[in-house]
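So, here's a batch of structures to check.
Shared chain: subunit A. Partners: subunit B in the first complex, subunit C in the second.
Moving on, here comes the complex of A and B:
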């Protein structure tokens, strides 16, 4: 009850502030961080806990968690001018409907979804940014190069969503002298045929998230068929590695939280410049399925060594 | 850069009414990255790399099957070093392919275990497999793993000289419709397959009709209808259910076409077999899973055998001029097996489990009884693979088995794979197995009874009077193998010695022999056969298989085996017939001494590919119904063209077997192999 009253008071105060100065984003007003969560999952909890920890430890910033129910029951619960950290695609979609002058940072969102929401909501990119879940293609290529140094080509199945960023992968593979064997899939029933065609020629399959091509249901046939061809699959998540991909570079919610905390602190120091542009995950892990590696006869060094070497590639020592 | 692109988009959209409301369902959710996934390649699905495997293995994959141009499944085993494959058009349950490894070749593949998706198709009556009665379409096979050597610890009883493990495709890999046709020398095969999907359920059904006119101048044609179905249901991320059903039925000709035959004359019989199988796979984690499998299989052959007119031998005293034998055979099997595969830590992988089996057989002619005979088998097995160091992998396992016929036995095995350098492995292993006597060997009482009109006079010729009480055959196989990876060339070679004891041999019943009470032995007929645990034998030799990728489009597979069998001909003892009454042919020549085969495949472009096969088998004198056949050399050629039509992918191929028409013989001198030519067509849509 006391908390409600306090929040009410803050809301009123900030509403007043909005009306009076019409400059919404000031350091003072953003001393609070609102984390918007639409569906609580272990991942969102992991993210929030870590973010709270990071911010509290470093700058004493308090994190206010708002759920979708709270938002719909009481729109005032977001009606202050704190920075909104929207966790997940749904939350980002909700946040995109807030006051356009409010700063929104999307986290745990795939880049294609962020791009779509940004375009559709017509928000100002200065105040609408994100930390993506997607690993940059050069990093994934570097992983492939370090675990399978001999491969000269790379198979990829693009779906309607992932096709939008295909040119980035083409650039990244070209830069590493890998031939990209690309199949575009527009309907589910094309999957098996095109997958087989790709596996016949490519040395390794890089899985690129796409709702049509890579989902829970297709994981089975993709992994089984690739294994039958004795071709490794590079996944995009820890779960994919557990399911049977050879390896993946991915970021945990905690790693994203750490990066988010850094962005928030920087932003609060210089609020007038707006949010930094959307960015890829800075911290990441590498996971290897040792059983699969062994069965395919591939020798891979330790996961930590791998992620260290990827870090070094990206930030060469002076 | 990317931001600028987005800004441009944004500005474009701001000026046009394209900025529609985003619907969440079209967006890629974070669950793709953070959500759960089913455990697909669980620890039991992953096969050991060949360099770590405890025995010599030949893996035959779909491509190899396609490229080899085979028409019948057993033909593919010609590519396995040390394996003998022959077509046989015999006269009693022997119109069947002969597949044997390291000798003791007879009309049945008695000393090898054959599994399809974990279901044993080894038949208890004669032992071995009736290849053409299997409810399986070649197109549904994903791969075949042939273990060269005993492997009871992994595959159970009768995994004696080798194991053939056939694995069919997962239903998710056979989506859509396919038509497969084969036309040519005495063949007319038509198959259709449909694979569909309902949420988490993948299924397929394959139906087919096979017309096989058999060999020249033999009475061996077969008409077969096949239905096989498989469904894979992903119940949860951790549970998977698999159901299979199959049917094979039709008519089979068999019989002795020679003019002096008295019985087992050319005739046609009806056969049918079917099975149902279910498996539940539960994955506790990516490193531990459990499976429970049960199946029922049934096979029946209706065979009414008639003799020639016997009045010419007996005069007018016969109650009926011809003899009619009810030669129906019915086999039924129930089997349940549980297995737990886990990897407690990175370097250790273990499997253990147990199974129970019931075989029921009705065979009035052979068992001299209309009763159903039951055979129970229980087994417990365990196997561990330990990566002791980066250079050393140790495998050890054992099977404990109990059955109604021979009681309890243990078959252990152990091996060590030592990596000399990356890509170069030496394997040293010892493996044991048992072979339970078959019904033929233990309980056959085949007899011809000739009733007469004279009171109290009934003639008899006993063909078999099994004395029973046989011990299982035993094998201790030792080997030293080398696996080398030279980039484009892979070598797999080994020296082996199989020491077999208690070999079950056919002999005449000991003297003095007299007909059973109430019967009079037909004068001049031979004494009946029985089976005894005979001598020991040693099979020694060398095997090599190689794969050479000459270019990215050209591949040469070649294998060679040299096999020598050593042993004593004579068996002596108070209960044993004198040596001259043993079957004259000895097992010393029951394996070809040298076999060589090669398959060269080349892809000219994405559409055209061709393969050339060469097979050479030295003289072999098979046991039982076999007769010595001389050196056989033959070459096969296959040319195929792939094509694509709007939504259809297809392949048309032309196959010539025994290209130079060498008229070689297989298994027995009456199986003469001429040139055969086929055209096959496959359409996927």
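Moving on, here comes the complex of A and C:
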């Protein structure tokens, strides 16, 4: 862990060093990638390292890391023609305020947040795209089908934000012959009542990201209530699995970085076409809480096997 | 503190520090325990409240109140001190409750953290039920909350109240205090007992010593204490014993001396200092007892009153020491002879008393006679002088007739006088008739009688010739003038019948003067008859008292003048014993009379102390040898030798010798052979009335 931390710190330092050295040479750089971060975190470091590795190995592209702080201090520190990769909602919001001609790719951003920023900034979607944090519903349905093959219905609590994409889930569940038991929540007060109602009938609760429904404060109540009803919860992040969800499909920063690098290379090859449309994570992992599984009496196969099985469903072997 | 005994002090010494330590420790421990208990109770309250709060979170958040009630009940049942437990929602609505209601005013309080109230008998703790925050997003850089409409809400979703009772704590506190006090008291009692036990090792010997000292002070000198202790105490004990021993020794010695002194005092009270015999008082006491015995039981006792003759001479001649010595010797002598049960006492001066108890008069006579002879045979020798003593004994048979011892003493006195009257050195038994005699013998009686006798010419002069034996060229004829008394019947009374009385009542000077005057008168008659011429020499006896009479010289001179008697015709006879009573006066008188022409004759030479030394000093012309030697010279060679030696000495000093008691021709012959110049005695001439001699010498 310490080595990791040290390594990250070295990377960050070198990145910062690069930024400082290259600023006077911006005119010379034809294709540069600037990673905008709110502040250095292990996740950003993981992302940046992987991204740099991917790009350098393939095309010798240099990655420049800039924090919001540095950006606000010197707006000219960004090259006019460089691609900005904004890590996180906050960084994306910041990047949206840059020159509209500049290409911005948001990563590690929930789809609703991206949509909102895109609308608010009125930027051209050709130069403002993202790799979402959210896993596509079919993938999640596939996970449920993999670990709980016998379930026939599925409980979902939608909040105001997540409700916009509820039709996607409905489609996905229908495709998998699952009955979607949907509860819409518009205020925190309704949570417990609607959660109980949902749990009374549904076999499994699928958590979809929504700040109103699934936040730090409600997490325990939802998990405990589900547990009391002996109904598993399928989370949307690794943290959710650690907190007590039965399983989750998610993407790590490295997986996102790999996907990001592919997008960047593709974009640099054909700059005139602009950025590809926003897309869900291409690479993902599955995590299972074995303790919860044991408590609920559910037999689950290996995470890698699950992951591979999901991969095969999405991209059948040629 | 000063009024406490040593035992109490030792006890205090042990207990007070222990008590102070115990009190301090107990106070500290109680305070500490109480504070710990207080803290513990508060801690428990806080722990219960703070643990119950998260435990209730799910029930409150999930609205699952059914699970809250058992939780509350469980808390209640597990903790005995809990009075009530209350869980409310954020609005204060009761969700679950157990036990008594929580005070209203506390429910009004909105707490953000753990709070507590101390209401005296109860402690109330409250803790907010906070919503748990669990991170669901993998990347904090993409918080969904950041875009959410939700504002930063109050995470307090409810409140937990726990009410604890302090009753049990109070009870614990009071029991703690009680137990501590009990332990302190028991500890003090135990330490007191131990101090008492240990202290006894110190106090017991000291108390024993104190008691012993007290006893010693009260006079129990035999007091000793066992030397059982060690160290200083043993030194004290040993010291006490040594001291007590010395005190006892000193006390015993003192007591012995006191006893001795007391015994001496008692002895002195009852005995005579000089002789060691009973004294008069003791004698009278015994006499009284004896009289009583006689009166009550009719027993027979005899009382002898003994008066030494000639004692006065020894006393006067040799001094009081000699007199005392004589008395001692006589006492010893007499005391050796009396029976054990008899009492010999010195009644005063030269008077002794002998009480013969349970003794018949006849036996008393034998004893008294024995004593008398013993005294008679006794010779007292002082320096070169020898004295013969006699004793006159008045004997009284103690009969119930006597009223008191005074009358007995009086009777004995009378009898003793009678013995003296009868010629001394004899025994006189008191007769009732003697009373009258005694009366006549009274002082005034005698003075009167002797004076009367002199006036009535009841006295008369006799004379006895002193004749030459050996060839002496002396033409003078010597006659010794003798005094006789003629009683009413015309019977002659020997001088020894009245001389002692006369001596006693100082009548001798008168008698002597009567003799001198009448002798002078007779010589005048003789001269008148013979034409104023006579070759007769009259020898007149002078008593010792007269020799001391300074006026005697003048009287003689006057009489010689009155009767115109040639002093050469008068010769004075003096005895050694009377002469030496006051030798100075005697010599003075003798020289004065010799100057006149009178001559002197030393009478009874050899009878008493008879020192030849006096012969050198006394200007005597004649020496009359004691009759005791003379009368037996025919049969006793010692007496003869004495006479021979006296004569030869006298002759050497040119003193003529006279032998008296010449009662036979044989004696005359012997005297002649010795060369004694003159003789006197019945053989040579009996005493005849002077008138007869004067008639015979009338010149025809």
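We adopt the following convention: the second predicted complex is superposed on the first by the 287 of 318 C-alpha atoms of A that agree within 3 Å, B and C clash if a C-alpha of one lies under 4 Å from a C-alpha of the other, contacts with A are read in each partner's own complex, and residues count from 1 in each chain.
In the analysis below, contacts are C-beta pairs under 8 Å (C-beta built on N, C-alpha and C of every residue); 3 or more make two chains touch, one makes a residue touch a chain.
Worth saying up front: this structure is predicted, and the values here are computed from it rather than measured.
When both complexes are superposed on subunit A, subunit B and subunit C clash. Judged by the touch definition given at the top, the superposed model places A:224 against both subunit B and subunit C. Of the two partner chains placed by the overlay, only subunit B lies in contact with A:297; subunit C stays clear of it. In the superposition on chain A, contact is made by A:122 with subunit B only, not with subunit C. In the superposition on chain A, contact is made by A:277 with subunit B only, not with subunit C. The clashing stretch of subunit B relative to subunit C, chosen from 164-172, 182-190, 614-622 or 650-658, is 164-172 in the chain A superposition. Under the contact criterion defined above, the residues of subunit A that touch both subunit B in one complex and subunit C in the other are 41, 43, 88-90, 108-110, 112-113, 116, 133, 161, 192-193, 209-211, 214-217, 219-221, 223-225, 228, 236-237, 239-240, 243-244, 250, 253.
Within the complex formed with subunit A, the subunit C residues making contact are 57-58, 61-64, 131-150, 153, 155. If you check the complex, the residues on subunit A that touch subunit B are 41, 43, 88-90, 93, 96, 108-110, 112-113, 115-122, 125, 133, 161, 189, 192-193, 209-211, 214-217, 219-221, 223-225, 227-228, 236-237, 239-240, 242-244, 250, 253, 277-278, 289-292, 294-297, 299. Residues of subunit B that touch subunit A in their complex: 2-3, 6-7, 9-10, 13-14, 19-22, 24, 26-30, 32-43, 45-49, 51-52, 61-62, 142-143, 170, 172-173, 175-176, 199-200, 202, 234, 237, 286-287, 343, 346, 349, 422, 649, 684. If you check the complex, the residues on subunit A that touch subunit C are 37-39, 41, 43-44, 87-91, 108-110, 112-113, 116, 133, 160-161, 188, 192-193, 207, 209-212, 214-217, 219-221, 223-225, 228, 235-240, 243-244, 250, 253.
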